[in-house]
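The next part holds the structures, each set out as structure tokens.
First subunit A sits with subunit B, and in the next complex the same chain sits with subunit C.
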Partner chain A sequence: MKATLLLVVKDLRLEWRTREMITTAGLLAFLLVIVLGATRSDPETAPAAMWVTFTFGATLGFTRTLALERDHLTALLLAPIDRGAIFLAKALANWLLLAVVQVMSIPVFGALFTERVWIHLPALALPLVLGGIGLAATGTLFAGLIVQTRLREALLPILMLPVTLPVLIAAVSATAGILDGQSLSAIGAQLKLLGAFDILFITASWMLFEVVLEE
Partner chain B sequence: MWAVEVQGVVKAFDHRPVLRGVDLRVGTGETVAILGANGSGKTTLLRLIATLSAPTRGTVSLFDRTSSPAPDLRRRIGLVSHESLLYDSLTVEENLRFFAGLYGLPRDRVGSIVAEMALHRLVGRRARVLSRGQRQQVNLARALLHDPDLVILDEPFTGLDLDAAARVTATLRDRTARERTILFTTHDLAEARALASGAVVLMDGRLSPITPPDQLAEAQLAEMFGNARR
Partner chain C sequence: MRLLLILGAVLMLVGATWALVGAPTEALQGLPQRIMYIHVPSVITAYTALLVVFAGSVLYLWRREARWDRLAHSAAELAVLFISMTLLTGAIWGKPVWGTWWTWDARLTTTLILWFIYVGYLIVRAWAPGARGARAAAVIGIIGVLDIPLIHWSAILLRTLHPQPTIFRPEGPALPASMIPPLAINNVAFLITFVALLILRVRQERTLGTLIDALEGQ
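Moving on, here comes the complex of A and B:
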């Protein structure tokens, strides 16, 4: 756990100094919201537009967090720490990055798509957090798999998106339900699915990361 | 006890063998230079010994234990590789503190390695602004932070000026005096003679027997490596 925290703090410190990932992912997310909003900005399309934005912004950020580590992976792999700790640290850093993108994008959604975003903001946090964790876990696993390849930016969405489809469908559905004013119990099935996917993918990735990082 | 025991190791990439049956035994406290031309597989061999890669065939044992990426075995290895392994946006001190944390070392360990390697002038500088020689010295400090039993160095003298090279040599000699085992790769017989008690030559995927470096002749190496050596 100490190693995970050390790695996360290091990642956040590096990001704070360069602001490379948050600028790239945030800018892409912002442009997507504007383009989607200009195309069709009614409340019904808001949940799908939201998750399309988060997914593409996150994908770009995920590739960069592990690419940043590519040259230092040797030192990390040689350190006497569990490889699962590296996964947890990267996934946590990726989730934090995605959360920042979400926080930056939500006001734009509120302004362009529907003011219901503001009314239901506390409840909206649930699918945003659960869906974000699912995206971060899968994104980190696949980014680890392709970090040494040249076409990693292109490969990540191809590998990651089919696997994250259950998360995206459940997240869009839960977000739509909340924006429609449904109670949390009414969207319980989607939230449970998101929670189950998160647990399953974090556990599997934590166990598999050792194999993933091998040459 | 053998610090490093490599037996019949074959390593292939995409079915193309780089190492074709390598045997090597290095005792505790020995310093061995691995000489070889570019692309001869020196780095591949070092990565196998450092548990960063698994052999296609054969076994690698460290300290009489079959090499595996187990954390307690990795703790006994210090590696200086071709890559810098330092985070450019962190200062030297932050880099060393980060790696000391990964090894669970006390906070004052960073101060002592900085003092030992005379890195005081560099501690506040970001790794990005360091010269090649300074980077190499900080990398060596990073690799020696946890006082490993086995120090593996991939061409540690490349790009160093005479002063920096002398300092690296002194640091490594100090490790040898403390019964640490050192394996390093080099193109240069003079470097091998300055530091190593034994030398091996890697050519065509095979390793020569360990020989005292003085007994290896420049002419012999030049013939073996051809023009690729320099």
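Moving on, here comes the complex of A and C:
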């Protein structure tokens, strides 16, 4: 647990000093909101546009998860830390990155797509957080899986998108329900699915990361 | 293996003839319904192949013996083949009966997404050779099967048009008795062919492995 926190702090400090990922992922997200909004911006398309934006931003940022270790990957692996702890640290750092992207782009959606974003902000946090965790868990697992293969930037979305489809469907559906002003119990099935996905994939990835990071 | 291949081919001929000539024409759907006799065996074989990939992947990660990896790899290729056949025959059946090639139904969506996951599996294998690719592929093989219920569940949230199961259900088969023998024969024929092709591919991979070892040993 302590090791996990240390690693998260290390990654965040690294990010704070370079601001590489937040600049590129954040700018891409902002750009996507504008591009999607320019073609069509109304309350109907807002939920889908939101999750397209988050997913693109996420895949861009997540490829760097382990790549940023560069030559230090061996050092990280030699450290007396459980592989599961490395996974949790990387997933947490990725989720924080995605959350920053979400927080940055939500106002733009509010301004361009629908005012309802402001009214339902507290409820909206639920699918954003649950869906974000699911994307971060799968993204981290696959980023670790392909860090030592060729063409990793191209491979991540190819592997990650089909597996995360349940997250996207449930998150878009829940977001749409909330923007429509439905109560939380009306979108209970979607939130349950998001929760189940998060639990399953955090557990599976945590167990499989030992294999993923093997030399 | 050769015997199995011949047996599979013969059974497929018998099944196809029975399905085209012997079986009754369905009252509502007419002749297009006969595509069921290859659609259903394809999907059953495809999901069997996915379970073999899963089992091979788990055994490989546990035991680290190359033969389990060869089994998973070969089964994954066949899984993609049979999933493709399922999607194609389904689309051909759907067009005259539902009036559309494709619909976002739970079963269709699940099968299509599985196609993408296992094509991804094969791409990883192609781009990352050796033990590293084998481990990465094994992880995908496990994740893919774990994801099936979630994909299905999420697609149900959307909508459903595909008929519910008509054979394997608690109340007993709803399919007319006269349709069951050709369907059963084709199911067996497809599964036998799958096993024969699986053995063939595993042997080829083993030979390839031996060759690579021999070359590297020099």
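Criterion: the second predicted complex is superposed on the first by the 212 of 215 C-alpha atoms of A that agree within 3 Å, B and C clash if a C-alpha of one lies under 4 Å from a C-alpha of the other, contacts with A are read in each partner's own complex, and residues count from 1 in each chain.
Methods note: a residue touches a chain if its C-beta (ideal position, glycine included) is under 8 Å from a C-beta of that chain, and two chains touch if they have at least 3 such contacts.
Quick caveat: nothing in here was measured; it's all calculated off a predicted structure.
In the superposed model, A:A3 makes contact with subunit B only, not with subunit C. Of the two partner chains placed by superposition, only subunit C is touched by A:Q190; subunit B is not. Once the two complexes are overlaid on the shared chain, A:L78 sits against subunit B while remaining clear of subunit C.
In the superposition on chain A, A:E214 makes contact with both subunit B and subunit C. Within the superposed three-chain model, A:R17 lies in touch with subunit B and out of touch with subunit C [touch as defined at top]. Of the two partner chains placed by the overlay, only subunit C lies in contact with A:L165; subunit B stays clear of it. Touched residues of subunit A, counted separately for subunit B and subunit C, are more numerous for C. Note: residues 214 of subunit A belong to the subunit B contact set and to the subunit C contact set alike, using the contact criterion stated above.
Residue ranges on subunit C touching subunit A, taken from their complex, read 61, 109, 113-114, 116-117, 120, 123-124, 127-128, 132-133, 135-136, 138-140, 142-144, 146-147, 150-151, 153-155, 157-158.
Against subunit B, the residues of subunit A that register as touching in their complex are 2-3, 6, 10, 13-14, 17-18, 71-72, 74-83, 210, 214-215. The residues of subunit B lying in touch with subunit A in their complex are 50-54, 69, 71-72, 74-75, 77, 79, 81, 83-87, 89-90, 94, 98-99, 101-104, 142.
Contact residues on subunit A toward subunit C in their complex (touch as defined above): 141, 145-146, 148-151, 155, 158-159, 161-163, 165-166, 169-170, 173, 189-190, 193, 196-197, 200-201, 204, 208, 211-212, 214.
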